[in-house]
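Naming follows writing order (A, B, C and D), and every chain is counted from residue 1.
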Amino acid sequence: MPIDLSPDPVAARLAERTAEFVRDIVLPLEEEHRGVVRSEDVRTHLQDAAKQAGVFAPHVAREYGGHGLDMRGRSVVFEAAGYSLLGPLALNIAAPDEGNMHLLEAIATEQQKERYLRPLASGAIRSCFAMTEPAPGAGSDPDALATRADRVDGGWRINGRKWFITGADGAGFAICMARTSGEPGDRGGATMFLVDQDNPGMRTVRHIETLDESLYGGHIELLFDDCVVPDEAVLGEVDEGFRYAQIRLGPARMTHCMRWLGIAQRAQDIAVARASDRRLFGARLGDLGMTQQMIADNEIDIAASRALIRQASWELDQGGRAGQATAIAKTFCAEAIWRVVDRALQICGSLGVSGDLPLGRFLREVRPFRIYDGPSETHRWAIARRVLRHHEKTAGS
Amino acid sequence: MPIDLSPDPVAARLAERTAEFVRDIVLPLEEEHRGVVRSEDVRTHLQDAAKQAGVFAPHVAREYGGHGLDMRGRSVVFEAAGYSLLGPLALNIAAPDEGNMHLLEAIATEQQKERYLRPLASGAIRSCFAMTEPAPGAGSDPDALATRADRVDGGWRINGRKWFITGADGAGFAICMARTSGEPGDRGGATMFLVDQDNPGMRTVRHIETLDESLYGGHIELLFDDCVVPDEAVLGEVDEGFRYAQIRLGPARMTHCMRWLGIAQRAQDIAVARASDRRLFGARLGDLGMTQQMIADNEIDIAASRALIRQASWELDQGGRAGQATAIAKTFCAEAIWRVVDRALQICGSLGVSGDLPLGRFLREVRPFRIYDGPSETHRWAIARRVLRHHEKTAGS
Amino acid sequence: MPIDLSPDPVAARLAERTAEFVRDIVLPLEEEHRGVVRSEDVRTHLQDAAKQAGVFAPHVAREYGGHGLDMRGRSVVFEAAGYSLLGPLALNIAAPDEGNMHLLEAIATEQQKERYLRPLASGAIRSCFAMTEPAPGAGSDPDALATRADRVDGGWRINGRKWFITGADGAGFAICMARTSGEPGDRGGATMFLVDQDNPGMRTVRHIETLDESLYGGHIELLFDDCVVPDEAVLGEVDEGFRYAQIRLGPARMTHCMRWLGIAQRAQDIAVARASDRRLFGARLGDLGMTQQMIADNEIDIAASRALIRQASWELDQGGRAGQATAIAKTFCAEAIWRVVDRALQICGSLGVSGDLPLGRFLREVRPFRIYDGPSETHRWAIARRVLRHHEKTAGS
Amino acid sequence: MPIDLSPDPVAARLAERTAEFVRDIVLPLEEEHRGVVRSEDVRTHLQDAAKQAGVFAPHVAREYGGHGLDMRGRSVVFEAAGYSLLGPLALNIAAPDEGNMHLLEAIATEQQKERYLRPLASGAIRSCFAMTEPAPGAGSDPDALATRADRVDGGWRINGRKWFITGADGAGFAICMARTSGEPGDRGGATMFLVDQDNPGMRTVRHIETLDESLYGGHIELLFDDCVVPDEAVLGEVDEGFRYAQIRLGPARMTHCMRWLGIAQRAQDIAVARASDRRLFGARLGDLGMTQQMIADNEIDIAASRALIRQASWELDQGGRAGQATAIAKTFCAEAIWRVVDRALQICGSLGVSGDLPLGRFLREVRPFRIYDGPSETHRWAIARRVLRHHEKTAGS
């Protein structure tokens, strides 16, 4: 049975419907809100519309109201949704909710699923993933985890500071990563806790102002200050948090890529339309060689991103961790998507940096992706280390 | 007499004083205002402080209250001022005023100088340069100039639309470029007019929202609607506007580079400080090879930018148009400065994209410089054409 | 049925056997001959060994003695063969023979197949493809075809000059592209002719010395000087040559990429081995961040090349022309493979430029691939044009 | 006194005469020998011609028959000589002789100068600089020096292996760097020795085959096997070898850049001529945007290289070590020159990779310059370290 690259017909149809939905319903709202929504009304309106269009929650299991797509299926649908900054919010596949649903499906108890996954999957509540800490805590190096959870009677007491916690403002609950054994620097000893919004020990310190602004619920600095949670708040097993983080990590990396690839394609479409219409020096802009070069490089970057996402998605669907494939895809996509948006903006000239087009907004949104979810440097280090280790193993045999 | 690269001692001392002034007075205000000032009080405060520090108006002739620096002298002082987003405003060397003073010194009548240059040089008023038009008008291709000035009794009537007119909001006067003969596409036939702020025929259509926000007075769309000006409003000779634009263009290109190079150096200093302090994976961030590569590439880009600016400044000081040298320097600097800021942000990671550091702001400010003052593509086209023409001339001989 | 990326098991097994064959048999000979073979004895020896190993002619139909792999199957086997400069020669899948076999299978008559394809497929003879002409003839722009074939009694008389005709020295026959109607610049009017080696009207003018030297039979300048061929020498239909060239072109582009990707992987393996063993500044070379960056970038480039080749191969196997996919893959691969070899050489330092390693040789061999089979600039132009045309079509609807 | 970039008139006139000499005398010989000379007759012929033209030995003190140019003067003359691969040999400014003359002038005794410098300066003999060792000896890391010199009665006995010793074949003497105290890895403890060609303890092991081939006398592997030299063979002071190496290093880095910049300019001139003459797709090649982009990028790279060389040369002429400026210039120039030659070749297409143009030869010659004289990675590491150290010093104050 040879290689087959045609997408699953169900996923393909869903992607098509998603593309229509984005074009007809989401884009006008994106323009109205200039890509940044901060109102529950708009969120609810978008999600209701997605439900009506039959494109809501494509990644969630059918029993929780979704379409049950695997990673390969997500790759086509998420890209279609990512064509607008508001598409993922509408489909309920935005970060970090989408990754949290994935994680809850994989390791939560039935009770936890009813309490957290079901309302999350339906859009009734939102969530956040409280892992990253300000230096010298857990950032590029997760082992540096400094937030602690100590045993108390019938539960745990969490203390520590988290930042860049996307979506935390207004989230119904947080999945908080805390050290239950070992010291900062140790590999292992972390546990995941489900912390309810109204827990008095969890406090928003501030909204972190960032270059990007479109992720709903912002980037928040959270303080866990003698935050007590019951034993039922433990997600999975105690001390297995790092392992679970890996379950979430690979797919979450890829879904980021899928969504942002949609924005890259959108930027390219805007630039191509401009290059087609605008006249300059007696020629059409799109007939000038340097413009053609940028258009072609965009096509190449988009095609290669898509192909690498597919590779990693397929590996994940085979049940592996796909550490190397997702690191390669994430590193390439983050930089390629950035290049595509930058070139598109350059093609459009002054108009491109103006608010008359959304390209400046896109540039701001995609820049941090070269840092979020692991900076390119960390991924390159991991990629090289795997290659070197593989060489040593095979050379030794 | 061999090559001598040591700067003029007077300019060097002024640069040093400027650096101190920026560090002590301007940076705290920059932080307070997050790099963007929109208040006359703050502007006046900054400029008064610069006057007190003896660093105000370094480029203006002594008889108009300045220090009379040539382009080489400006190159060191402007970079020192550009170390803060607010430095150029404080020294009264921000775009477009600085270029307008240069132009007025070169071609205005004595009367015009008293009326426009003197108050501009002292900071009493500001100005704008109304050349660029929305497509299909004058943009990358100046010959496409579509705004018209028609002869009327005792003066001219101007009609046309201009956009991206930096600093126009609140400017005391505009230098408006309009076609007095020929048709859009013709080389020649433009005239410059001095239009007072209160001329009822000149109207602000809107503030153009842009990726960059730090240039005082914004980027404005202006409408000239039967705007009548007297004969004394003609700057220089009728139909010589394109030639005068060239007088302004070369130096203005370079002073942009000088100022933004200051921001590049600032970004590098921030990144180096971070690399020096931050620990990661058991090492200092600055001891990691990929960080060192970014730091080194920043040094190289800054050094090359500085060297190319100096070359072009020297050529301009020799009295030439320096078309090739300024095009080369502008193209390289715009891209190098962008790379430097981008790498600095990457070195700082999440902190870099947060408002806790000004790097995201810098990224937004320098991106348009690859488009403003001629996109890199237009400059490359001009550079190549000059080389080819030179080849043909010498090959034919 | 979802996307499936696992290769066909038959192709996978053949790729594995090819890898072993290359490692055990071909690499020692490559080292002995320093990558460049010019002797029929060595060619025959290599091909006999490949036959014995059961890996000969993987792409040829079974009835002509091959394994009948489709493009997807070829993509894994050809890369394995390309791991050595001599691997493709050994398997009889080197350019231009491999592309010629593909073309003959597709359009030759049964008689022509017996006379030309069968001995070619078995390695008894070699062939060449005489299309490219010196400027101002057919090069990047095929329509410029200047070689002419005029009707004579019972056949055609060909006149023209061809150059960079790979493998022409010693080839048993040439497929010559000549204009049978229209003028240089016209689209269409070309015909393909089978010209025997001993035809007195076909003459080798010279071996063109080139940066690359490993393609067997060299790059030749050929003169067709009143070269008369019979009607049976016409391959396919008269005036359909450009269309047939397209049949050959897409797959030939991809098989080039597959083979050179093998060399890229080999270069990477050499560099990784070096980085693993060499110590510098008290550390292992492979522990230095800048080395890791180069290793990681090589992995990324190789992975993306492989993914793009697979995409294009799959499209070709679906029966399409895959013009856009093959242009994208060719452009990306040619540049990525070049970067990989360049970085590998840099990692190895002085040793890398020395003859003690084959990396300098590889660098010479892969550089022209950014020019052969269409320079990157021509492909980018075609890619952009397709995108723009697609936009116009869909925008018009 | 402001910055002055006009070169010294004497140097400028010498540069002009050198340019003429290269064009009229050297280029025809370069073409005849395809850039690679291995005959003493040709060397003598070229140098006699340079003497006749009055351009011989521009860098040597007048008392040794030269023109006594400082580094700034050399920068213009060496670039003019470097326009041909054979120019530096003709002027007697090729590596490593040029650097050795510089070193001997600076630290040799009068007797040593008469015996070694005088005949070297006149071209009567050649020389080599025996420092680099195969791994794990002195390469990128000079402290790893493993060759030893032990005290014997009235002199020293040297043992060790050197490789990549440029020009060693036929050299009248070698300057050999050997450890006289300490162990490999120690900073310090090296001494320089003058070793005569006929010393039976110094033996050529082999010519190292390399990608580059134009440096006269090849790259040699040398064995010092109980090589006994008298006390008078010590150059400078015992144990001061590393310090002297620094005296040679900075200027030698720059003269390499100057010479190779000449080749970059030559490559650009060839490409521009081609772009001017060749027609493609109904246009002149030089009218196509992607070609213009490559031409412009070449101009920019050449201008920046020139400006950085001037900066470093000026600093060296002020008497400093100019460690940062030479590292920056070397790193940038090595990569920029490589890019220029690569783009020039791309512009010329198939012709560019053929022996009909010298561009393939140039590509081979300039590639190792990114490794020789310190790989770019080592320089970047050193550049970053200096910046970080500077930050720590100033931050601490």
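Quick note on the criterion: a contact is a pair of C-beta atoms (placed from the backbone, for glycine too) under 8 Å apart; a residue touches a chain by one contact, two chains touch by 3 or more.
Just so you know, these numbers come straight off a predicted model, no measurement behind them.
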Item checked: Shortest path length from subunit A to subunit C (each step joins two touching chains) -> 1
Margin query: Count the C-beta contact pairs for A-B and for B-D, then tell me which is higher.
Written below: B-D
Next item on the list: Would you kindly say which chain has the C-alpha centre located farthest from the C-alpha centre of subunit D?
Entry: A
Notebook entry, point to check: What is the distance, in whole Å, between the centres of subunit B and subunit D, each centre taken as the mean of its C-alpha atoms?
Noted result: 40
Margin query: Taking the mean of the CA coordinates per chain, how far is subunit A from subunit D in Å?
Written below: 51
Checklist line | Sites on subunit D at which at least two other chains make contact | finding: 288-293, 377, 380-381
Notebook entry, point to check: For the complex, which residues does subunit C have touching subunit A?
Noted result: 1-9, 11, 70, 72-73, 268-269, 272-273, 275-276, 286, 289, 291-293, 295-297, 299-300, 303-304, 307-308, 310-311, 313-314, 317, 324-325, 328, 331-332, 377, 379-381, 383-385, 387-388, 391-392, 395
Notebook entry, point to check: What residues of subunit B sit close enough to touch subunit A in their complex?
Noted result: 132, 135-136, 139-141, 163-164, 185, 208-212, 219, 278-282, 288, 290-291, 345-346, 349-356, 360, 363-364, 367-368, 370-372, 375-377, 380-381
Margin query: Quick check on the complex: what are the subunit D residues that touch subunit A?
Written below: 288-293
